[in-house]
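Attaching a single structure in structure tokens format; questions to follow.
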Amino acid sequence: MDTIFSVMAQNLVSPIVLSFALGLLAAMARSSLSVPEAAAKALSIYLLFAIGFKGGASVAAHGFDGSLGAALVSGVALSLAIPFIAFGLLRAMTRLSAVDAAAVAGHYGSISIVTFVSATAILATRGVEYEGYMVAVAAAMEAPAIIAALWLAARAGAGARMDRELWREVLLNGSIVLLIGAFLIGALTGERGLKEIESFIVSPFKGVLCLFLLDMGLVAGRGLRQARSVLSAGAFAFAVLMPLAGAALALPVAILLGLSTGGVALLMVLSASASYIAVPAAMRVALPEANPSIYLTLSLGVTFPFNLALGIPIYVALAEFLGGA
Amino acid sequence: MDTIFSVMAQNLVSPIVLSFALGLLAAMARSSLSVPEAAAKALSIYLLFAIGFKGGASVAAHGFDGSLGAALVSGVALSLAIPFIAFGLLRAMTRLSAVDAAAVAGHYGSISIVTFVSATAILATRGVEYEGYMVAVAAAMEAPAIIAALWLAARAGAGARMDRELWREVLLNGSIVLLIGAFLIGALTGERGLKEIESFIVSPFKGVLCLFLLDMGLVAGRGLRQARSVLSAGAFAFAVLMPLAGAALALPVAILLGLSTGGVALLMVLSASASYIAVPAAMRVALPEANPSIYLTLSLGVTFPFNLALGIPIYVALAEFLGGA
Amino acid sequence: MDTIFSVMAQNLVSPIVLSFALGLLAAMARSSLSVPEAAAKALSIYLLFAIGFKGGASVAAHGFDGSLGAALVSGVALSLAIPFIAFGLLRAMTRLSAVDAAAVAGHYGSISIVTFVSATAILATRGVEYEGYMVAVAAAMEAPAIIAALWLAARAGAGARMDRELWREVLLNGSIVLLIGAFLIGALTGERGLKEIESFIVSPFKGVLCLFLLDMGLVAGRGLRQARSVLSAGAFAFAVLMPLAGAALALPVAILLGLSTGGVALLMVLSASASYIAVPAAMRVALPEANPSIYLTLSLGVTFPFNLALGIPIYVALAEFLGGA
Amino acid sequence: MQTNDAKRVEIIIEAPLEGRLLDTISQAGVTGFTVLPVLGGSGRSGRWSREGQVSAAGGMVAVVCIVRPERVDRLLEAAFAVVERHIGVVSVTDCQVVRAERF
Amino acid sequence: MQTNDAKRVEIIIEAPLEGRLLDTISQAGVTGFTVLPVLGGSGRSGRWSREGQVSAAGGMVAVVCIVRPERVDRLLEAAFAVVERHIGVVSVTDCQVVRAERF
Amino acid sequence: MQTNDAKRVEIIIEAPLEGRLLDTISQAGVTGFTVLPVLGGSGRSGRWSREGQVSAAGGMVAVVCIVRPERVDRLLEAAFAVVERHIGVVSVTDCQVVRAERF
């Protein structure tokens, strides 16, 4: 318990969390502060490339310990299962239509890569190691939730369309391709490759993350300001409960997989986090009847800050506690 | 006197000043060289975040020495007073209308954060220390001049409008919010926070500043090329005299405040510099009758390069001379 | 021969080449991965500034060894001569119209600065030195080929227009101005200037290059996908043969000039590479009848990847072999 | 395909006034509009370009509103309250829309 | 100067549908169009802005097609197949073009 | 609200020609225009997109000029001198403007 509070305290005054808070407050107060779209995209490309590459280089250094396959399968299973839990909770806790609930549920089955990245930054600060291949698990968990969501929506009578074109779009989504591509480059070039570009992708990493979180705060704050009306108290409660439920589901799986302390924490983080890039784009195409304000606000405006400020420290502390660290 | 020339000589062949010169010449020669708007904004976000954070971290390390309050009040007073001097000089030296003169005067009361940043880079090269809270003084000096300018314009019969909405826009202007926000983050996270993101906000700082000044040179050169016709010799003379007047006014104030050598130089720099972000935007809303070509060209096209090439070395040398450094 | 294969093998698993391959494959597979235009331009500004500055600083450190003048003249001569060879080959190998052939020929006489930059990165990895002024030679080789191409087109009856305005545009093209400007700044500020901004322009250089090549791969892949139909097998063959011909022409010239091993390799690289910034823009103005898909696809989609993957290692290995390195 | 008459109103205005304009026309009941970026231009106050600019002061945006013919006057009056002392360029074009119930 | 009648069709649509829309209208024989970026807007689902967004989900684009009058119906029908369940705003304006043989 | 007839001329042209076009129409006395960015498009020379492009060669811009009806011919002729050998798409639409004295 002590650990939780100390990790939380340490986390809350980190430049990363405070940068997000600054963006959130600035947007709430209607400041003109904004990060250009092109700059935000460039920052996200940097983060995906760096985290993917480092994961791959770490796999090249330490080798696969055999559990990669099992971890990937478990990730896919979690991504498929979580939407059902989310859907059930949403129908119980809110008055959202079945279509809106299905769309939201899809977001929670999928993952948020910035949440993952922020968690790795915290693990690095605390000196906790994790499996490099967790990056691949993150990529594997992006898409399956979409199937679950569309199945839920179809059952509810919405003519959700999941044609081949949409499949291609989801699986070849820019962020998935970059993450896996960079992972493979890191795995192929290994330590030598990492050394060549270390002073670009390792040293400035946390600082870039601060600016990206500033931007996320601005976008989240703007979303919250504009969507306050469409969200009920029940929906807010869901967006705080659901990550805890996702993490709770992931914890035994991670332990069964025999992951390291950092790996356990990261699988909880992935399950607890909600997508705000791949899934929203897919939902706009496949489920246009669902209201984007609802799923974007819950995912980016409530669950993301919750995980950043409180969730991650809880998952890390739990993993450390159970790992005897 | 020797110091002035040696500082000037050293300054004139610094990558920072030469990058600005390159941009200026390229734009004058109508080269197609240009920095995309989004990239320029991203560079300015980086600079504001870095300078704010470092200021805050330095305050956290050295503590307030009690003079912050007095420095803030003095900054506000300077920002309010300088427009009156500028207005008087403009009416005497040029044939600008009262409204145009008031708008220009507002720019000179406010501050230019890049001029400030360039001065801190020169101080760093020379190993001169300054109070970390000067960043907060810079932020405090952005807005008051606008009130003075609108008062001057209203007296001249222009229906300047300063409604609540404009107040909010000025005070929550993106650059002020980011500067103060980063300052607070730096102050809260202190040395530990700085260490985490040092290799992002400290080591590459000067290089980023070079690229930003390249862009400033391009914008200034384009402005000069297009606005040459609207500017009289008197206006040009004003734009060179006024920074010296502002600095002269700030010098005794800075000494009375008991600032360090670097702090004295920076208060002179702030008073000598003219806004080109917050004030122009406010003037377009509140004083649409004033011609933007005039105030933008004087501020960015004349006073900024003057300060960069000659002004800052003079202020630094004077501060060192008086500080016995 | 051994060297060639070892250089090639080392090169093919470098993060730089793999990043390009990732972009190429992603675009071919129609992934949504894309780098915003503003970010791509910002990356290219960084690379031009850094490579120019380092070249200038190196000249300041080692001094001119007298051969700069001869190297510049030789570069100009190569840039003028190569289009004639290219035109002849194109007329023999393809059924392109004379106007299209002239436009393509102009691209191969000029140079690609990213190819140059990638080659310097490989030389750096292998610890091979080169003359800092090769950057100036690169700049000098950008424009002359355009004259040759327009002369060829005019002879073929196309009303190519090369008015004063176009001259200004070509010679004051943003990338030339930035490259030469940064070179001069580096030469003026020397070692001291380099030290000030080293951690911006030296340490992260290779990493930035990776992201830029990722973008180049995306653009090249998209081009290939969309232009496949307009290109014959003969045109593809030309785009692989021509760089080898250009390098073969440059080799004796470089040896006669008495360049260092790295210098020999770089003159071959410059002659082998094909423009994709300055020349296409000039051709769109001066030779609108020529089909841009053809020249852009051959230059960026075929010759650039060929040089990156195979050409550069061949030129470097040859230079090392002949230089007794 | 079944279409109905409508008006396309295009307002080119200084970027620092964007917020005010949008708030004003929203209050006048026009809740459908789209904002397009502007790179540069020329007018009585000379040529300008957004390139490399950091401040919003040197830029403009274009706002496109498609409205039913009977609502165009209310929109123009609301827009004019903001644009009046400023340089905004306002033009109105006849157009046809599908799904008229949306406007 | 000699001009001919044509139609200017403007379609404002969610960014994730851009590829589908362009493929569909191309297949319907409309191979001339231009895509413009959109900064933000407002509609029945509220206000939005592209600022700082990373996902395509939160954005729109404007597609402008200039076509001969006789081809406008085919274009609208093709566009509608994509836009139908979505929020796309479609407007058609009469215009004049030079070099009519190009359209 | 009092409006007057005017013409909205829209010229979509290759980016490397932008400077020439604007200089030419300025010399022809048209000093009011606005330049909009273009993301991509399609025409006889195939599809293209600005994404990730560094060179101006692969891009276009849209120039919008609102002029009095009697000046449209001078504008079109001036524009055509530049556009002729190029791919520019020129369209003219009738519109209404407020503050006609500005055009």
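Per-chain residue numbering starts at 1, and chain names A, B, C, D, E and F are given in the order in which the chains are listed.
What we mean here is this: a contact is a pair of C-beta atoms (placed from the backbone, for glycine too) under 8 Å apart; a residue touches a chain by one contact, two chains touch by 3 or more.
The model shown is predicted, which means the values in this text are computed figures rather than measured ones.
Colleague: What chains, if any, are shared contacts of chain B and chain F?
Modeller: Chains in contact with chain B as well as chain F: C, D.
Colleague: Trace the shortest sequence of touching chains from chain B to chain D and report its length in steps.
Modeller: Between chain B and chain D, the shortest chain-hopping route counts 1.
Colleague: I'd like the angle of the rotation relating chain A and chain B after CA superposition, in degrees, nearest 5.
Modeller: 120
Colleague: Please tell me the distance, in whole Å, between the geometric centres of chain A and chain F computed from their C-alpha atoms.
Modeller: 45
Colleague: When the centre of a chain is set as the mean of its C-alpha atoms, what distance in Å lies between chain B and chain C?
Modeller: 40
Colleague: Measure off the straight-line distance from the CA centroid of chain A to the CA centroid of chain E, and report it in whole Å.
Modeller: Those two chain centres are 34 Å apart.
Colleague: For chain F, give me the residues that contact two or more of the other chains.
Modeller: Answer for chain F, listing residues that touch two or more other chains: 36-37, 47, 49, 56, 93-94.
Colleague: Residues of chain C that touch two or more other chains: which are they?
Modeller: Each of 32, 34-39, 41-42, 169, 199, 203-204 in chain C touches at least two other chains.
Colleague: Can you tell me which positions in chain C touch chain B when the two form their complex?
Modeller: Residue list for chain C touching chain B: 36-39, 41-42, 45-46, 49, 53, 168-169, 172-175, 177-178, 181-182, 184-185, 188-189, 193, 196-197, 199-201, 203-204.
Colleague: So in the complex, the part of chain A that touches chain B is made up of which residues?
Modeller: Residues in contact with chain B: 13-15, 18-19, 22, 25-26, 29-39, 42, 125, 199, 203-208, 210-211, 214.
Colleague: For the complex, which residues does chain E have touching chain A?
Modeller: 14, 16-17, 19-20, 45-58, 85-87
Colleague: Mind pulling up the chain B residues that touch chain D in the complex?
Modeller: Of all residues in chain B, those touching chain D are 34-37, 40-41, 44, 159, 165, 169, 215-216, 218-219, 222, 226-227, 230, 276-278, 280-285, 288-289, 291-293, 296.
Colleague: Quick one: which bits of chain F touch chain E in the complex? Just the residue numbers, please.
Modeller: Interface residues on chain F, with respect to chain E: 10, 12, 36-44, 47, 49, 60, 62, 73, 76-77, 80, 89-94.
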